[in-house]
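Take a look at the structures listed below.
In what comes next, chain A is part of two complexes: it sits with chain B in the first one and with chain C in the second one.
So, the complex of A and B:
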């Protein structure tokens, strides 16, 4: 099957004070139409930098130093900036974590939803409004006809995230990057929005790159999982294979740290410590200092690749032996 | 919102008129001495006080002061021998022309420079702009004025060093350029620093990233999204800069020998022409209050949230 997005050996470096250090490296994955790939990891693991690199919106001081980002069969990194920009919105849409700030506070929502269409062609006010109405109905904003002229501050967080999704999908992109889209929302709103995204995905054969730190959402909403730690891949696989036999101690720890509503409600089995900063990356496994299964080899040599294309892990001492 | 703002302006106006009234009475020896001179005989002073109504109780004088203001009577200048209200007209027109030119120059350059600074905030260009702003904000108006005269009038001989030229047309325009630039530089530097900071804050907000992620060009994002959100607090700031415009105007008009209100204020202070001085003080105060009110009204029209909440 044709891929929508293919990341090959992506490396992003950050510059500070004339020195550069790697932020993410060796990131490789494919995403097919109608599928969801979940990128999972703690804060500071490079998930959002990966998303920004794919969008071509890396912050000042960061640059892609190696690898390829293949969108629709062409390497975005070799495109002139103007052409890459034109892929945004048209081929890739993006929604981000904080829906409260994601919309322009001084424009009514219908104008924001229809903005990209109006840049492409001249629309009469009437057509523009009816198109905005359709776009907002698609993301299930209730009583939308009477709310077209409302401003973002008149909507709840969940509704604003729906509007943000409508903006991202306004030009029917093939790929949606959803960077922690429901982290700031309550559990019920979160489920509603993710179910809506799933419906839109089925209707439009949309590929979704779903960035989250919450593994509990992954089993339900994703087809494939990509676990990142300290800028590198630690484990990757289809949801069924990976959850059936978690190999990497980091994935294992992430799974155990999911808060459960039953039992000891407030106890969160967490991993000690925080991910290392990019300045202190070592040759060996970067999780070694926090790993409960650490052995001598871990800090000495880079972890070997185990498993096969449907489930792989990079580990010296995995929970399970993966068949090659 | 607007009615409350209007009430505040009216209250400020009453304060202003009252303060200027007491200011006149606080002059050393009272107005009679400043007209007749310090060595006038007590009889002459008493006669003049009677003639001008200065022997009446303060409350009566205060009421008369208000009544005269409503009739547009601002007193009589004993130095220039003309009714102050007739004197002020021409000078006010010249000052408004100069100040509006300077303000337009300052605001436009502040918007442009501020947007560039906000966009390049983390890079070298943003820091260079920041340094230039402090430099121009700190340089005194008379220094900038003299420097500009030296460069553009004496060395290059491009523009006249002072005066107002013939009324209307090119000559008047040419005479306006140097004083307007002089007046605009420190105000523009202050405004652009404020606006640059504002633009930088806006650029960090998520909706800018949303707009970029939709494939909008940097220029479009700048004017359609960032500018209109950053500009609202800036308008209030422009209103607050109006007094600085008049203060800078006194120095600028003196340096360029430009006969406007600031120049007249400076002359009347030297001549101890109290009726003219108090009238100018009153006028500048009124223009300041009106300018701030206009800024707030404009702001409430632009800001949807002020209207709704």
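So, the complex of A and C:
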């Protein structure tokens, strides 16, 4: 199948005070139409930087230093910046974490929903309004017709996130990058919005890059998982393969730390310590200092790749041996 | 806010429409009518050359209010542009622009004006430009900080991702978000400039005689007050006071209203 987005060996470095250090390294994945890839990891693991690199929204002082970002068969980094910006704006939609900041508080809803479409072609007021109506109906905003002129503060968080999704999908993109889209919402709204995204994905054959820290959502909504730690891939695979045989101790620890309602009551399980800062990255496995299964080789040499294309892990001492 | 606006409108009408009702010339000298106290013939009295104070007050309001208002518009536009450019530029450019701004802010307005007064002719046009040129840095800094605060908002990032140009972002999102703060600042700048201009005229650096201005009338009156002609300082003083107070009332009212949004 044709891939929408393929990331090859992506490396982003950050500069601070004249020194540079790698933020993410060797990130490689493909995304096909109609599929969802979940990028999972703790805060500070480079998930959002990966998304920002694809969206061209890296903060000041960060640059893509190596690798390829291929969208629709075109390598972003070799295109003239202007053309890449146009292609990106047309083919990728983006939804961010905080629905309160997703909309301009001083513009009515309908103007914001058609913003991305309006940037492409000038619409008359009438067509713009009817387009906005259609878009908002598609994301299931109730009583749309009477709410077009409302301002964002009159909407709830979940409704605002729906508006942000409508805005992201206004130009029929091939890819939607959702950076923790439901983290700020309650569980019921979260489920509604993710189900709606699923429906829209099936209708439009949309590829979704779903960034989250919540592995329980991944099992339900994603097709593939990409687990990141300290700017690197630690484990990747299809949801069925990966959840059936978790190999990397980090993925294992993430899964263990999901709170459960059933069984006997126990203290919530966490992972001791915090991810290392980019300044202190070493040659060996970066998870070694927190890993319960650490062995001598871990801190000495980079972890080897285990497994095959449908499920791979980078580990010296995995929970399960993966067939090559 | 309404009462402030009412006072200001009355002052505007007094200055621009007043001369149509009270047609006496502000320049006609009447040697036999020096230092007349306010009376029914001379409502606000006459000055040391026998010129009617009422007419002089009316014509004096035009440069005082006009220069301040247009000067404020110029300062607002300059400050807005400078602040936007700085806020939207890469960090290094932004930093240099801000240091330049610090240098400009370090120069005292009055000293700068005295310097310019020495090298260029002082007429209302040059005063407008001068006052406009010296009073924008404060707003520039406010605007720049607002831009930095809004720049990272998700809706701005999203618009960028959809291919919005920097100009589009500035016009559609940033300008709209900072409109309240800019308009309030412009109002306070008017009040500020009325006072600055009055101070300059008082020192003889503003509107040049014989053209009247409120500050100039006050300055002239203060030299003559020793003769007991209280009306020469009372009326210009009241006019300046009312103008500044009304502008501050408008500004404060706008601030309360827009912030309560």
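As a working rule, the second predicted complex is superposed on the first by the 315 of 324 C-alpha atoms of A that agree within 3 Å, B and C clash if a C-alpha of one lies under 4 Å from a C-alpha of the other, contacts with A are read in each partner's own complex, and residues count from 1 in each chain.
FYI, a residue touches a chain if its C-beta (ideal position, glycine included) is under 8 Å from a C-beta of that chain, and two chains touch if they have at least 3 such contacts.
These numbers come from a predicted model, not from an experiment.
A.B. asks: Sharing chain A, do chain B and chain C clash or fit in the superposition?
C.D. replies: Because the two structures are overlaid on the shared chain, the partners are seen to clash.
A.B. asks: Quick one: is A:193 in contact with chain B, with chain C, with both, or with neither? Answer first, second, both or neither.
C.D. replies: In the superposition, A:193 contacts neither chain B nor chain C.
A.B. asks: Touching A:168, do we find chain B (first), chain C (second), both, or neither?
C.D. replies: Both partners.
A.B. asks: Applying the touch criterion given at the start, work out whether A:31 contacts chain B, chain C, both or neither, answering first, second, both or neither.
C.D. replies: Neither partner.
A.B. asks: Quick one: classify A:98 as touching chain B (first), chain C (second), both or neither.
C.D. replies: It touches chain B and chain C both.
A.B. asks: Can you list the residues of chain A that meet both chain B and chain C?
C.D. replies: Correct list for chain A: 55, 57, 60-61, 85-86, 88-90, 92, 94, 96, 98, 101-106, 115-116, 119, 164, 167-168.
A.B. asks: Mind pulling up the chain A residues that touch chain B in the complex?
C.D. replies: Of all residues in chain A, those touching chain B are 55, 57, 60-61, 85-90, 92-94, 96, 98, 101-106, 115-116, 119, 151, 153-154, 164, 167-168, 170, 177.
A.B. asks: What residues of chain A sit close enough to touch chain C in their complex?
C.D. replies: 55-57, 60-61, 85-86, 88-90, 92, 94, 96-98, 101-107, 112, 115-116, 119-120, 164, 167-168, 171
A.B. asks: Quick one: which bits of chain B touch chain A in the complex? Just the residue numbers, please.
C.D. replies: Interface residues on the chain B side: 122-123, 205-207, 209-217, 220, 224-225, 228-229, 232, 302-305, 308.
A.B. asks: Quick check on the complex: what are the chain C residues that touch chain A?
C.D. replies: Residues 90-91, 153-155, 157-164, 168, 172-173, 176-177, 179 of chain C touch chain A in their complex.
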